[in-house]
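Look at the two complexes coming up: chain A is in both, with chain B in one and chain C in the other.
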Partner chain A sequence: MANVEKDALTGTETTGHEWDGIRELNTPLPKWWVYIFAASVVWAIGYYIFMPAWPTLHDYTKGILDYSSRAAHRAEMARVAEARSVWADRFREATVDEIAGNDELRRYAMAGGAYLFADNCVPCHGAGGQGGPGYPVLADDDWLWGGTREAIEFSIRHGIRSESDETRYNVMPVFGDDYLEDEQIAQAADYVLHLSGQGGSDAGHELFVDECSVCHGEQGTGLAEMGGPNLTDGIWLYGTGSRDDVMAQIRNPKHGVMPAWEGRLDDVAIKQLAVFVHGLGGGQ
Partner chain B sequence: MSEALTTAPVSQPPGGADSQPLFEAAPTIYPRDVKGKFRRLKWWALIVLLGIYYVVPWIRWDRGPDAANQMVLLDLAGRRGYIGGIEIWPQEVYYLTGILILAAVGLFFASALLGRIWCGFACFQTVWTDLFLWVERKVEGDRNKRIKLDNAPWSAAKVAKKLTKHAVWLFIALMTAGYFVLYFVDAPTAVVSMATGAAGAWTYSVVGVLTFTTYMAAGWAREQICIYMCPYPRFQAAMFDEDTLLVTYEAWRGEPRANYKKTDDFARRGHCVDCGLCVQVCPTGVDIRDGNQLACIGCALCIDACNNVMDRFDLPRGLITYDSERNKMLRSRGQPTRKRWVRPRTIAYTVVITLVTVVMVTAFAGRARLEVNILRDRAPLFVTLSSGDIRNGYTFKVLNMIASSKTYDLSMQGLDDARLTVIGHQEDPADTARLPVAADTVGTFKIYVAAPRAALDGQSMDLRFVLTDTETGERHVQDTVFRGPAR
Partner chain C sequence: MNHEIFEKNVILLSIGILITVAVGGLVQIVPLYTLDSTIEKVDGVRPYSPLELAGRDIYLREGCYTCHSQMIRPFRDEAERYGHYSLAAESMYDHPFQWGSKRTGPDLARVGGKYSNDWHVAHLIDPRAVVPESVMPMYAFLAEKELSFDTAAAHMKTLRALGVPYTDEQIENAQADLLNQANGDADEADPDALLARYPKAKIGDFDGKPDTITEMDALVAYLQMLGTLIDFTEYKPEMDYR
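Right, the complex of A and B next:
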């Protein structure tokens, strides 16, 4: 059937078929292409034998090498943990102050803490611990629950108003809602502004001593043991310190929640974070 | 109908019926062995250059306990370069630019004086190809035997010869690639780890790739690297003038060429007997009698070949010479020849080389061994403290590039009543802080500067950090800014 002949013009063989007088030149695939194709077929067969390849009804063919990327990743992580275990042991035995006092441990804590902070803390507290409305600044020296490394470690571990049994917890009562008159709230707000030297008046002194000093202290300087904020430093958590902002907080206080990180992060990570946060600038 | 279709010009190759294929396989070149003074010179160049390559990684150099003790080492992992007594940090890689400029101008200079002496004698492509050719000759024999072998049908003997040759080639390539790694990691440890399989995947990949490229370039591609891949032959002619020494054929004496017949009188014909040996010995397969050309690498082996032939015919040597165009012309007129080394071109190259060298040596002699980088915190830009003071944070990197530890005193200028703290070093606010930096390391310090709001007179104030070496009293000044709130 095939009538192979040379095309006169090009010197190339034809396929030997003729369709309505049209003949086609036989231009085979380049040899290098054919060789690579053949090699790929061989490779694929080897791949089926050695590597996981075919799905079965409930499983898949494992291949002789029994490779799995998940297992490889697990092994990789185990190697990392192994490499870190030297540090982990030293961190578990040391207190946060001891860690900060040791050059080597502190460098490790600051380096690791930077990543942990970026992964876990930045969404609320900001990239450099600069905070935001309702989220405390970690870079300044005004601490609600104390700024020593141990206090910071405790806050991270157990959280604030969290679900942990040992959580740091306080609630500022609602002074609006018929407990205080509007004039009294205004008076208290003026006194608070007066405390931080932003105008106001001291007419509300009596009221402040009666109602506020239990948590904020007689002088308004705050009580870290119970998380009573310092009112004399002009640093505000909610609002910018305007009279309206202060009155709003007295009338119907806002409260933030920070989760307990124990259980989410291991002991080493919490200690690294405590040292790092303390090193953001405001540590006491 | 059918007739018309088949004669229609639809089956023309692209470019028309007369067009030629775009690719032409290069003919295999079988260089013939030759003896002579240039061949000896090439052997010596090969021995010396390969010797340098294989010996240098093993030379030790004591730099104290904390630094590498290898004379030449580009420690990529440790980020240091060592060349003898010189240590280079990553920041100083621009020295490499100077060295490369020197190498380039040096190459131009050598080309202006001696033609393609680099290509013919010193280029690694030439050296390794020479070595591979030597192996080929030892295993398969000289030119004629190799041609015969390649044309012969496959036999056990042919397979054995080819296998031997390629095995030796691969071994040499492997040794070349393995030694290359030793310039980047400590040689004794690397040899042990590579041999025991303990080296990393990167090391083996580099060795694998370099083995392959060496084997391909010196075994298979050879002259095609010089002719088709290397950019240098394309512009080498720009460096030449009529006084440049080149490998050339003295056509005035050789032509008209003809095969020798017993009845010939050399006084009445050209001296070239057209034996073709100059072409057979050429590693790039050129005919030097066609004149100076791109593919000629200036190895001068054709001179050796031709001189041997001239000796046999009792003719004077030097039908192919390593001499200048000018001298060739003078000789053809029977005038005395001379070598001109001092020419505008060579003077210009000498001046450039001297200038670059002076600049580099000066820069190197006066290079700073202390560098300070200050990164100002941007989040937050500044912090208000409970006392009302404004505080800025800075990350300080002190690069101590010498082999002994240093202690620096840090102080500030330009901001009244500013106090600083350094995490881990100066916990209480003070005017100065003492910063220790270990030998040959980067000391990183987190520094906080606090100033009373009253001392600030704008949103951005100039602040100057002064770092003083406690031993030598040397000062290093670095300017930055202190940011505060709008007034």
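Right, the complex of A and C next:
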């Protein structure tokens, strides 16, 4: 404390340092601040004792409470699962049809399904299941792979052209690769237009039966086992069903991929979704 | 008072500040290198394949991290939406890691496999084409821009210097592996060699343009592997409580 002196005006001590005649006041810290600081120090010591705090060389002090945010999280998830098990167990044991047949379960599935759908399905199938180019409408009665609850459940669980071992899978051949002549492709396209009531011509009937009916059915009304869409109903996955769109699909077909949800979503969630999607309006 | 010497000497003041900050930093950082529990010991995590690495570079270049975190915290709401909380091991080969905390968009730590390649491409070209209310910017140019990957091997060598365990074999085959992964259907492709070096790598023509490897291919390959390396049905969380 070399040359500490009091400031004449305020009566407060100065730091004693002087710059060009200006001296800095050494105002004491406010009391409330000092007390809170001291309390924080005491709190910290308590924290070191109770909570994980100090690193040792390879480990760390666990504290009396041995708290772990991961353990706490797991405990919470277990509590949630326990609370839900009243419903979840019934869902696990029932088939999707049984769930839909029971008023209580059905209501639960529709409410839960709406959330699950918003979280997982809306980016592809649209907010109300209205679909989009390449993504089928789920709210109508036009199904690629079948519209029963069980078929829907299977589609959700294992996906379509997905990485699951049990995925639904089928691809339309590339007819444009020297397999069909240009005029045959045009003929097939005209026949598809005919089937969907857009004019066209039925000259390609035989060609259609030979080349297309295995997947699209003799009448072109679709085959759910093969995922072949109904070509007569005017509902299109790709484009608007114009002659160009149909020709493009025959020449070099596009194929939709739907991820498998098993693994990402649990059994209960998948069943809720199946009942929910079926209930969007078009279930069979 | 004695600190007058610091007040009147800029060099001493700077040295003083440096020492104080260094102590604060070292106390926080050094234990992370000595603690056994910093990184969980789990099976499955591997370094990025060359194509994924290129995609990750584009992710950084475009600043995707300014809107997306890659860190699922151990909270119920996050677990229900995104899946299992992130492990440190899942980002141990990230330099720098992409944890983040800014979530204008959803967390991407487990987005791999959630969507199809087609969806990612459509979404990156124009997010509003698939999610009408989206505020994410358009990245359509990625589909036009050819990927430049001459430096793939050099990049891997640099990462090796930082501790990523790339083998000599992986570095030698960097170009071939990259071509393999992006041209899964091409005749000369050798997917088995790629998968032996990088298990669970997603192979294919990601952007629907088989004859060119675009930046879109790389970015989608990266997105599709995020969070897919660890099999959580085998994982024992009680081993890694902290």
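Quick note on the criterion: the second predicted complex is superposed on the first by the 254 of 284 C-alpha atoms of A that agree within 3 Å, B and C clash if a C-alpha of one lies under 4 Å from a C-alpha of the other, contacts with A are read in each partner's own complex, and residues count from 1 in each chain.
The definition used in the following text is that a contact is a pair of C-beta atoms (placed from the backbone, for glycine too) under 8 Å apart; a residue touches a chain by one contact, two chains touch by 3 or more.
Worth saying up front: this structure is predicted, and the values here are computed from it rather than measured.
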Practice task
With the two complexes superposed on chain A, say which partner A:I152 touches: chain B (first), chain C (second), both, or neither.
Solution key: neither
Exercise for the section: Report for A:L180: first if it touches chain B alone, second if chain C alone, otherwise both or neither. Expected result: neither
Practice task
Go through the superposed model and pick first if A:H58 touches only chain B, second if only chain C, both, or neither.
Solution key: second
Exercise for the section: Please indicate which partner A:L105 is in contact with in the superposed arrangement: first for chain B, second for chain C, both, or neither. Expected result: neither
Exercise for the section: Could you tell me if A:V277 is touching chain B, chain C, both of them or neither one (first, second, both, neither)? Expected result: neither
Exercise for the section: Once the structures are superposed on A, label A:V192 by its partner contacts, choosing first (chain B), second (chain C), both or neither. Expected result: neither
Problem - Complex contacts: residues of chain B adjacent to chain A - result: 1-2, 5-6, 9, 11-13, 17, 377-380, 383-388, 391, 393, 423-424, 446, 448
Handout entry: For the chain C and chain A complex, residues of the former touching the latter
Key = 1, 4, 7, 31, 34-37, 74-76, 79, 81, 83, 85, 113-119, 123, 129-131, 237-238, 240-242
Fill in the blank from the handout: Listed in rising order, chain A residues that touch chain C in their complex are 1-2, 4, 15-17, 52, 55, 57-60, 68-74, 76-77, 80, 119-120, 122-124, 132, 134, 163, 256-259, 264
Handout entry: Sites on chain A touched by chain B in the complex
Key = 7, 9-10, 12, 21-23, 25, 100, 103, 106, 110, 126-130, 137, 139-142, 230, 232-235, 279, 281-282
